[in-house]
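Below are two complexes that have subunit A in common, paired first with subunit B and then with subunit C.
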Partner chain A sequence: MSAATEAPLLELDGLVTEFRTGGAWHAALRGVSFALARNETLALVGESGCGKSVTALSIMGLLPPANSRIAAGRIRFAGRDLVGLSEEAMRKLRGNEISMIFQEPMTSLNPVLTVGFQVAESLRYHRGMEGQAARRAALELLDQVKIPAAAQRFDDYPHQFSGGMRQRVMIAMALACRPKLLLADEPTTALDVTIQAQVLALLAELKSAYGMAMIFITHNLGVVASIADRVAVMYAGAIVETAAVDELFARPTHPYTEALLRTIPRVDEDSAGLAAIPGQVPPLSAMPPGCRFAPRCALREAECEATDPALAPLPAAADHRVRCRVRAPATAAPRHA
Partner chain B sequence: MPEPMLEVAGLRKFFEVKRGFPRATTVTVRALDGISFTVGAGQSFGLVGESGCGKSTAGRAVLRLIEPDEGRVAFKGEDVLAAGKERLRALRRKMQIVFQDPYASLNPRRMIGKALTEPMRVHGVGAPGERVARAELLLAEVGLPKNAMTRYPHEFSGGQRQRIGIARALTLEPELIVADEPVSALDVSIQSQILLLLQGLQERRRLSFIFISHDLGVVRYFCQSMAVMYLGRIVETGPIPAIFKEPLHPYTKMLRDASPVPDPTRKVAMLRIEGEVPSAVNPPAGCHFHTRCPHAMEICRKAYPEWTPLGDGRGVACHLHKV
Partner chain C sequence: MIGYIVKRLLLAVPTLWAVLTIVFVLARVLPGDPAQTILGDQATQEALVAMRHRLGTDKPIAEQYADFLANAVRGRWGDSLVTGKPVLEEVGKVLPYSIDLTVSAIVLGALIGVPLGTWSALHRNAAFDYIARLGSLLGLSFPAFVSAIMLLLAFAIELRWFPVIGAGGSGPWERLRAITLPTVNLGIIMAAYVTRVTRSSMLEVLGEDYIRTARAKGVPSRVILWRHALRNALIPVVTVVGLYLGILIGNSVLTEIVFNRSGLGKLIVSALDQRDYTVLQGMMVVYAFAIVLVNLLTDLTYGFIDPRIKRQ
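So, the complex of A and B:
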């Protein structure tokens, strides 16, 4: 990969994010590390509560300050560390260099302001554009995200748009200032499949047109296969497997990844038989010691329940790393802490 | 096909809705515009389509949770729509429903034991002690411990709540279950647990299912035959293997090709799909799908295609497939 030679745009190093529940701090992320290059899409995939959204909110600096904190680690973005950055400095970054889109566009759009006004807002705030100039730029954005008859719909309100069109408006808002990084948190989960396919195509197209890096959060492995360059599978607050998308689907190695793939009833072939993963994700306050997946794992050995394995490269493919002492015994010291 | 458990013919339901501000106008939503299908005994029949296509209305209209305007529903030969109060009550014991969001369908202030014994009490099944014993057996059957009886809905996870929803649907020993997106709100690992549970119950109890879902993968796995709905009408129906091998209606093909599969060498056909889903308030003239159809012809804009039965249980409404 040519991108590997230049410095990554975003680098997470041992990120630990904690939440306070019942008077004690519990780690929702426990040492998440990854690097993301320009024009690269990393998919964060996992089930509810695995830490995908917390990762994105940590990067955006949008964690609720009252009951959460970044306890350790660094978030290096374009040369500077975002951890500990002032709220004012973060506000200059958000919507400007880093943008985020969410699952439910209606809850992130203001219902009493017109769509056009909201798209122009970040141009006014970050670029100091005014009046007709802001309106023209916003209209161009709505055209770019392929809203039909954008000029007529500029002064419509969000409730007059369908779900797919609202998500396009969100994308236009997020991309207004040509961010270097887009965080997309389940952006197509609430959409019908044909509309999902349209929005995925739009995101892929705009990403390469802008040379943007994208973190795409989803629980849908089918969507991952369609949009990602690289994949990180998360479980209980940690990355348990990461690889290039082709490699991951060709050789799923962590027992959790493997099991997840077997739980999906496929559209394109008859399922030989569905396999369920027994049990459920443990709650933050009652994480098992050792490997967090051990209680649900078919390959569990006694040692798994005692020591938490590190993310270790596979002998055959250094770029494919797996957190499992059965499948990927750490022969040498792991490259990342 | 085995003897039919349920036969639906020409089922129609229009809703009058007030829309607009400040001056509201009344519009008609053609939620169900004359649909017909048959569910075989012990079979699972999938109803598939995108939001607003009428699939949930269809499920509810069959049970008369929504009164249909017109049509015929026969459960083992008995006319459901003509049934009076008493007969309907008896029929409802045989036809039950499982909802998508079990949290919304369970009373938060009522213990699970009460939620499970209530239907038996209402229908006069068993003495109080027997009801409790049966509720405990049902809990075991859906994989929950006995002590769930004295707990409240909020104490359970989403997957466990869906198990409770299923147990409640089973309290009166139904023969047909309408499952309305029963796994859509669940994480994938839990989704497969619930699908396996439903499959086991179906085999043990010889249940018939109307399985409503937007997820073609889930329907392909769980059902033997299916119908694809678009804006209140069925556009294609047939046995699962045949439809997935060779979808006839362009909409069925579009749905199949847009459904993501976990294989990077088969990315979803993203760019070829254009257009938005029109509304059931004002469906396009002619074939409702022509505004999005890659094969739309002149006639498609004018006339709704007639239903064309093709043998082997297949049928399609499309001008491309006329005999």
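So, the complex of A and C:
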């Protein structure tokens, strides 16, 4: 990043997050690096277990301390390194400058507290708002996320809301303190298709209204095109391809990205069935030594199974980077083993 | 809420009716003639007939059943065969002592058990957790009469802090002193149960998505614990406290005997000892009623804790 351009809001540099299973530490993220500008939306895409959510939780500092740790790397947010920040300092950031919404609206709200109370809570702990002021502000938020008759529903409990409405409440909660960064972890996956579109439209609208940067985590590439500026495809704890959204859809280069795109069912083509990527993401404790995707890759060469390639820019587009020694032969040695 | 209470009370009516019926049947299938029991072996035939007439046992069984139910509803549970006083009066005399002891044991158990279980869950697998779990296991496996005797030896006889026997005099201070050791005895067992349930329930709740949401909002961990987690974790605790009442009835019999305290437990034991059938009948109804009442309170507490239950 040159001095002339604005410093990124969020910058991950070689982030390695490890989990302890069976007494040994295994890397769930193995050197994730990306930068996110203000107002930019980055889509993190990949299959379950590829490290998307772990990336978000690492940024939030919400990983369980008992069996997880950030072993290396930095998370620079608005000029501060979040790795090693005290829990109290992280608490002040969470819900205030960085917010997160989760996949499961049905279980992500506390069943014994009213919806209004839960929305007002962020305001209480970050803005010191109490009583009527907090209530008014929370009500306004519920209006903004388009909850019908918000004033009447303020004192209702989560079980009286539908899934889509609960996700709106989650969004209201996350946006209460006008965060600079929103982490949306598959926010529409658990919703009906029609509701998905509404929630996506709402997120896009609020994002531009609030001027937030957003990391949008999904395994649904169809959603990505409509909401993201840039895409990072993750596989087995590493980014395997990143590019501007149009560039990625026009020129998917990593074999995994290609395979992911093929899995989107198309209505304009006859096909015998749904395309699937054969095999599965290897478990943390049994990662192949070379390219993590090699065992499932059609383009696999002998060398792929021996060395892990680095994320290298394509000659045609420097901003389009791919981790594949077949498709994007790199000159550099792998940075993170 | 009031509709809910009324509904629950109406549901208790068939339960109580069933209990009364069982009590009635039990009293009739037991061998022996109550009139004979009251008057003794040497009674004349005339006296027996007169007594049967007085007791109503000479009437047809259906009529007896109708009388029994009608009397039970009106609070006429007959007279004690030993003292000749109405059963209700006998029960009423000792009931306050039992309520004192039960309530204070439950309060003590909850006051110790809930924080201990919560703390244990928070420090899972740390030294404190092991100590708390070991301690609660000890509390669960210790017979109430043994711990009662140990408490007596230590605090009443050696240290002389508390009276050895009795329920205390008239003054509140005396009553408090007298109830302390029995309460500790029952409360510690109670605390052991509550600690274990609170711990496991808390561990489950702390792993829920909404706790992560609260953390993601930047809610301080102390608030997450007490406001977000504990209320959700309390439902199984309330269940156990409710169920524990049944165990408490058993343990309070022993405790009342060891501390020579009056109460339902002692009354039922002496009634059994002296074959005082009418008192036994009355006590069965009282216990059944107590259990029904506790279940009602438990359900109401659920509704108070969890809004989802109230609406159903």
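By our rule, the second predicted complex is superposed on the first by the 316 of 337 C-alpha atoms of A that agree within 3 Å, B and C clash if a C-alpha of one lies under 4 Å from a C-alpha of the other, contacts with A are read in each partner's own complex, and residues count from 1 in each chain.
Assume contacts are C-beta pairs under 8 Å (C-beta built on N, C-alpha and C of every residue); 3 or more make two chains touch, one makes a residue touch a chain.
These figures come from a predicted structure and were not determined experimentally.
Asker: State whether A:276 touches subunit B only (first), subunit C only (second), both chains, or neither.
Answerer: first
Asker: Quick check for you: in the superposed arrangement, does A:91 touch first (subunit B), second (subunit C), both or neither?
Answerer: second
Asker: Looking at A:152 after the superposition, I want to know if it touches subunit B, subunit C, both of them or none. Which is it: first, second, both, neither?
Answerer: In the superposition, A:152 touches no partner, neither subunit B nor subunit C.
Asker: Contacts for A:220 in the overlay, against subunit B (first) and subunit C (second): which applies, first, second, both or neither?
Answerer: In the superposition, A:220 contacts subunit B only.
Asker: Just subunit B (first), just subunit C (second), both, or neither: which does A:260 touch?
Answerer: first
Asker: Identify the partner contact of A:132: answer first if only subunit B is touched, second if only subunit C is, both if each is, neither if none is.
Answerer: Neither partner.
Asker: Which chain, subunit B or subunit C, ends up touching more residues of subunit A in the combined arrangement?
Answerer: Of subunit B and subunit C, more residues of subunit A lie in contact with B.
Asker: Name the contact category of A:110: first (subunit B only), second (subunit C only), both, or neither.
Answerer: Only subunit C is touched by A:110; subunit B is not.
Asker: Once the two structures are superposed, pull the subunit A residues common to the subunit B and subunit C interfaces.
Answerer: The overlap between the subunit B and subunit C interfaces on subunit A is empty, containing no residue.
Asker: Please output the residues of subunit A touching subunit C within their complex, sorted ascending.
Answerer: Per the stated touch rule, the residues are 60, 62, 66, 87, 91-96, 99-100, 102, 104, 107-113, 121-122, 125-126, 157, 159-160, 170, 173-174.
Asker: If you look only at subunit A, which of its residues touch subunit B in the complex?
Answerer: For this pair, the touching residues of subunit A are 47-48, 162-165, 192-198, 200-201, 204, 219-226, 228, 245-246, 249, 259-268, 270-271, 274-278, 280-281.
Asker: Help me check something: in the complex, which residues belonging to subunit C touch subunit A?
Answerer: 124, 208-210, 212-221, 223, 227-228, 231-232, 305-308, 311
Asker: Can you check the complex and tell me which residues of subunit B touch subunit A?
Answerer: 50-51, 157, 159, 187-193, 195-196, 214-218, 220-222, 241, 244, 254-256, 258-271, 273-274, 276-277, 292
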